[in-house]
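Data block below; observations after.
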C-alpha cells in the first residue's frame, strides 16, 4: 500500500500564533485514519492546512506524489481531496438540492444522487427548502453527502458525527465502511471515540500541534489506559 | 371624460407610463447593485459613477471615433466592465475578508475619484448626446405622445432584468455565485475558482450600470454628476426591495418608478422624497424589505 | 498710494463643482485679462490676481477670505459664485473693511437687507433675469405662462419675480409645477406644462436642472408643438453644453453677448484664445469688475477701502460689459440686460454664435431701484 | 385515587410549561401540539432524531420564534407573546447550538457582560469601567468552575471550539437563570470536558431547572432525571431514561442499537 | 486618551509607558492652548469642530460597529437650529448650542428609530436615505433660508460675560466645548454601558439571549452620537456665523467617515488627527490647481486598502505603540 498522503514537518500559523509545530503523518491508499486529541491541540488546523485553506504553512504535503504546497486552494479538490468542515458550511442561499450538487464532480466513481437520497431520506424530503433551514443534524448529513458525489480519492472529515442522533451516527458508520470497502481513503478527526474505533484502521494521537503517537486499531486495547488519561474517553 | 382622482384618465395613463420609464432605470441600476451586493457583499457606491462612465464612454466614442449609439451600446458596457474587473482584481478583492463596510467605503472613494476626474477633465455641465435616428420621433398613443426612444428603453430594460434574474437564480453558475457569497473558502475548497467568478461578477455589475448609462445618455445630459444623486435613490429602492434579492430589486425598481411618477402629478414637491418615505414605511412594517429574506 | 506696495485681487469661486463652467477658472482668466489690459500696474504698484476654489462650501470660502485679508494682504475679493458663499464673504469683507464685488451669485439680498458699504453686485441678479425674460417676452407675444419651478427659495423668487412682470405687462400665469432640486426626469412635469396650453413655459431653475428640462422638452416635441421655453437663469456656457439641436428656440436673459458689437467680438476672441470658450456674462462681468476696481484705485489715488468704495459708487462704468453703467447706493451696478433667443442649428454660421438679441432691457428697468431695495445704506 | 405524598417526595414544582405548542414554517409543520413541563431542581432532556424539532422548541420557549399555536407559561406568567430579551430577563436563559460567545472580548469580559445586567451595571454610561471590577470575584468563580481560569485574559476568539462551549455555559450561568436551556452543550467536546460540563450541569440543577438537548446518550443517562423524546415535531415518548430507552419505537427512531 | 486607560485587563503597564502616555496628553493640551499663537484661529476652530464631529461619529462606528452615512443631518441640522435660535430668538450662545444639541438628539431619535431596525450596510444605507430626506427638508424649509443659508449669526456673550466676537475668546470657548465633548465620549465608551455596546457589536444574538434589549442600547448610542455631532455643528455655526446647506449634504457625511477612517476607527483621538488632515488638505487644495474630490477619493481608497487602522491606529499597533502600552483592537 503506497502512501497517498504524506505530511512531513508541517507548521501552520493563525496570524502570529504558531499552531502546528511539525506534524508528521502518512495516510496510505485505502486506509482510514482517525486523529485523536483534546480540544484545541490542532486537529482541525491540521486538516485545514492539508486542504490548503490555511496558507500560512511550511513543511511538506504530498498527495499522490504531488507537492500540494504550491497548489491554489481551488485546485486541491481537483487533485482528489474532499473536505467536510467542522462547521458544516451549508449555504443559506441555496436549496438543499443545490447545496448537494454544488461541488463539481472531479472524477468518476462518485455516488449517484439517488443513492445519496436513499442513504439520507431526510434530505430527499426537504430537498427544496433553504439549506440552512435544516436542523443541525440534517445539515451534517448534507455536508457529508455533497462530497460523496464528487468522486474524490481522499475524504477529509472533521467531526462528522457531531450533533447527530445515534441512529444516524450508526448509518454514517455504515456508509464509511462501505466507502472503505470501495477503496476510499479517509482521514477524520473524531471526538466520538466509540465511533472512531469502529471504522479506523489506524490512529494518530495529537498533542500541542504535533503527532505524539501512531498505532493500528489492533493495539487499541493496550493503549486504553494512556488514552483514558489523555482524552478522558 | 373619465377622471381618476380629479385627473383626466388620459393624463393619468400618460403619467403611469412615464413612471414605468423611470422605473426602468431604477430597475436596471438596482439590479446591478443587487447582483454585486448579493454576490460580493459589497455595496457598490461607485455604481452611479459607473453609470456615468457608460454614458461618457458612449459620448467620447462618438466624439473621437465617430462610433454610433448602437455600437456604443455594446462597447461602453464592455469597456466599463473591464475597468470594473480590473478594479476588483487589483483592489476590491483584498477587502472581502473584512467587514463589508470597507467595501462600501472603498467604492465611495472610487466614486469620488471617478467623478472628480471627469469633472476635472470635462467640467460639471452636461454635454449633449442625440437620440439615434432610428428611434427619434414619437408615437401618439392617444393619451400621450410617447417618444420612441423611451419605449425602447422600457423594452430593453425588461429584457435585461429578466435575463439577469434567470442567469443568477436558475443556473449552476448562479448557484456557485450565491454559495461563494456565503463562504468563499469552502466553495474554493470544492474546486471552484471563486476569485475569478467574483471578478467577473463585479465586471458584469459595472457593465450593467454602464449599459443603463448609455441608455440614459440621449435622455439626460451626459454629465459627471449624473450618477451622484441617482445612486442614493437607487439605494433606497434596493432597501425597499430587500437587499440582495434580485427579483426584489427589479420589481421594486419599476414599482417605485411608478409611485414617484404619480407623486409628480398629485404632490410634485414630495416627488423626490416619496421613495424615502416608502422606504421608512416598509422598514417599519417589514424590516427585511418587501422581497428580502430575513438576514 | 498703495498699502504694502501691491494691489492684490482674489478670485474666489467654484472651480470643481456644479458651477465650474458657469464662472470657474475662466473667471480667473478674465480677471487676469483685465489686469493686463489695464497695464499690470496701478499707481505704480503691481497688480496681482490670486484664486481659490471654494468647493461650494461657505466655511472653506470664509476661511480663505479671512486668511487672504488677514495674512496675505488681499485688497478685494471678486466673483463669489453661489449665494451662500457670496453672502458669507460679503459679511467678512464688511467686518474687515474690504471691497468685494460679486459677479457669480444671483441673490438680491447682496444689495438688499444684507448689503455692505464695500460690497458690489456686478453682473446680474434674480430680479434682472425676471424682468428680462418675464417682461420683455410678454411684449414679444408670449402672454400666457406656465412655470416649472425648482422647489427651493431660489426657484420661488425667480418664479415670483417673473410672474409679477408677466402680469404687469398684461400676460397671465396659467399654472406652475414645483419640481425637486436635482430631479433627473422632467417628463412628468413637462407633460403637465404641455397640457396647460400656455404659450410660454418658464423654467425657474438653474444649472443641470434647466439643461435636463430643455433637453427633455425637445424630446417630447414641446417647442416643435408651438410652445416656447424660457430659461430664467441660463448662460452661453450652458447653451454650449446643451447643443443647438436641443436648445433652439429657447429664450433667456443675459447681461452680455460676445457677438453683439465689434468691441465685444474683439474681447470674445481674445478670451477664446486663452480659454477655448467664449465668455458669458459672469466672465465678462468679472473682467469688468476688475477693470473698474483698478480705475477706481487710480481715481482715488489710493487703495484705501473707503476711498475706493466711494470712487466705485461715483464712477460710470464703460467697458465691453457695460455701457454707461452706474453703481447704486446699495452697491448694485446698473446696466442693460439683453433678452436672447437661441438660434436654430442652421442659423448659426460661426462657432459659438448662438444668440439672436430680441430686446435690450434698459438698466433702470432691469434692476431694483436702490431706494426700494431694502438696503439701509440706500434708504438714507 | 390520591395518596398523601410526603413533602420531600412531592413532584418538584413546574416552572415552565407549554401546552399545545405548534410551529409551522409555511406548509411545513416543525412542531405539533407539544405539551412540556419543566420542573425545578431537575435535569430534563429533550432528545430525538435530527430534524425532530428540538431546537425549534427551544426557539419557541425562549421566544426567538413566536409559536403558531399553543401557550407557554413561565413561573405562572403567560409569556407566549413576550419578546426574547424580556423572557431572558425573567430568568429563562438559553445557550445556542452553534457556539455563541463575544469573540473579541476576553474570557473575563464575556462573563462580566453577562453579570452586568442582573447587577444593575448595564446602562450606566457615566461610571468608569472599573465599576465592573466588583464583578470580578463572581466572574472568576464561574470561570474556575468551568476550568477556564488559565485562559481568563485570553480573547474568546482564540479559544478552541470546545472551550468556547464551556465559556458559553459559564456566561449563561452568570445570569443565575431559573430555567436553563442548553442546546447540545456537549457537542464537539472532548471526553474530559464532557465530564466537567456534566458535573457542572448536575450541580447547577440543584436549585434551578435545566432543559437540555443532547445526543450523547451516556450524558443523558447519567445526569437527566426526565427524558422527552420528540419525533417529527411530536412527542413520541416520555419518562426516565430507562423507560424511554427500552421503548422499541424510540430505539427504532433514534437510538438504534446504541447503548448509553 | 481613552485608549490609554482602556489598556486591557491583561495590561501589565509599565510605569514609564504610563508616564509617557500622560506626557502625550499634556503635550497635546499644551499644543492646543498655544496653537492660536501660531496658526490661524478660525482655521483652528473649524478644525476643532470637525474633530469633535468626527469623534462623535466614531462613537457609533468605533464602539458599536454601526456605520452611519447620515451624520451630516445632525451636524448641519444643529448648525441651523443654533443659528436660528441665536439669530431669531436672540438666545445666548450656550443656550443656542443647547438648542442645537437637543435638536440633533431629537433628529437622532427619529432617524435612529428607523435605522436600528437593520444592521451593517443596511444601516448605512438607511441613514443615508433618511439624512437625504432631511437635506430636502432643509432645502425647502422657510427658516433655513434656502441656498443663501442663515447668515450673519451673532456670536454673543458666553454666560452674558465673555464676548465671543473676538477670535481669541471664541477659540478658547470652542476648545472648551471640544474638550468637554471628548471627555463625554471617553466616559461613555469606557463605561459599563460601553461594554454592553461592545458586546452587541460582537454578537448581537447572544446579547439578546443574555437579556439585553439590544435596540435600546443601539438607539441610546445613536442618539448620544447625534447629540455630540450636534454639539460640534452648533459650535461651528457660531464660529462661522452662518449655517448653510453644505453641512447637511451627504458629501459631508462622507467626509466625516473619511476623517474617522484616516485617523483610526475605534481610537479616541484618531478622528481628531483625521479631521485635522482632511480640513488642512481641503484648505490647502483650495488654492492649488488640483481638484479636491480626486484627492479625497484617492485618499479614501488608499486608506481602505493600505492602512485601515488609520494614522493613530497604525501607531498603536506598531511596535513602538505597543511598547508604550497602547492597544488597537477592532
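As written, the chains take the letters A, B, C, D and E, and residue 1 is the first residue of each chain.
The rule we apply is simple: a residue touches a chain if its C-beta (ideal position, glycine included) is under 8 Å from a C-beta of that chain, and two chains touch if they have at least 3 such contacts.
Everything numeric in this text was worked out from a predicted model, so none of it was measured.
Asker: Work out which chains are contact partners of both chain B and chain C.
Answerer: Of all the chains present, those in contact with both chain B and chain C are E.
Asker: Which chains sit in contact with both members of the pair chain C and chain D?
Answerer: In this structure, the chains that contact chain D and also chain C are E.
Asker: Looking at C-alpha means, what's the farthest chain from chain D?
Answerer: With centres defined by C-alpha atoms, farthest from chain D sits C.
Asker: What's the farthest chain from chain A if centres are computed as the mean of the Cα atoms?
Answerer: Here the answer is chain C, farthest from chain A.
Asker: What whole-Å value do you get for the distance between chain A and chain C if each is reduced to the mean of its CA atoms?
Answerer: 76
Asker: How many angstrom lie between the CA centroids of chain B and chain D, rounded to a whole number?
Answerer: 48
Asker: Measuring from the mean C-alpha position of chain A to the mean C-alpha position of chain E, what distance in angstrom results?
Answerer: 50
Asker: In whole angstrom, how far does the Cα centroid of chain C sit from the Cα centroid of chain E?
Answerer: 38
Asker: Which residues belonging to chain B are in contact with no fewer than two other chains?
Answerer: 116, 119-120, 269, 272-273
Asker: Which chain C residues sit where two or more other chains touch them?
Answerer: Answer for chain C, listing residues that touch two or more other chains: 16, 151, 180-181.
Asker: Among the residues of chain D, which are close enough to touch at least two other chains?
Answerer: Chain D, residues with two or more chain partners: not present.
Asker: According to the definition of touch, which chains form touching pairs?
Answerer: The set of touching chain pairs is A-B, A-D, B-C, B-E, C-E, D-E.
Asker: Which bits of chain D are touching chain E when the two form their complex?
Answerer: Within the complex, chain D contacts chain E at residues 62, 64, 84-85, 88-89, 93-96, 100-106, 108-110, 112-114, 116-117, 121-129, 131-132, 153, 171, 175.
Asker: Can you list the chain E residues touching chain B in their complex?
Answerer: Going through chain E, the ones touching chain B are 61, 65, 67, 114, 117-122, 124-126, 128-130, 132-133, 136, 140, 250, 254, 257, 261, 291-301, 303-305, 308.
Asker: Which stretch or stretches of chain A touch chain D in the complex?
Answerer: Result: residues 17, 37-40, 44, 86-87, 122, 126, 129, 133-138, 140-141, 159, 162-170, 191, 193, 231-233 of chain A touch chain D.
Asker: Once bound in the complex, which stretches of chain D touch chain A?
Answerer: These residues of chain D touch chain A: 25, 28, 48-55, 97-98, 158-163, 184, 187-195, 215, 217, 253-258.
Asker: Please output the residues of chain C touching chain E within their complex, sorted ascending.
Answerer: 15-16, 50-60, 62-64, 66-67, 70-71, 82-84, 87-88, 91, 107, 109, 114, 151-154, 180-181
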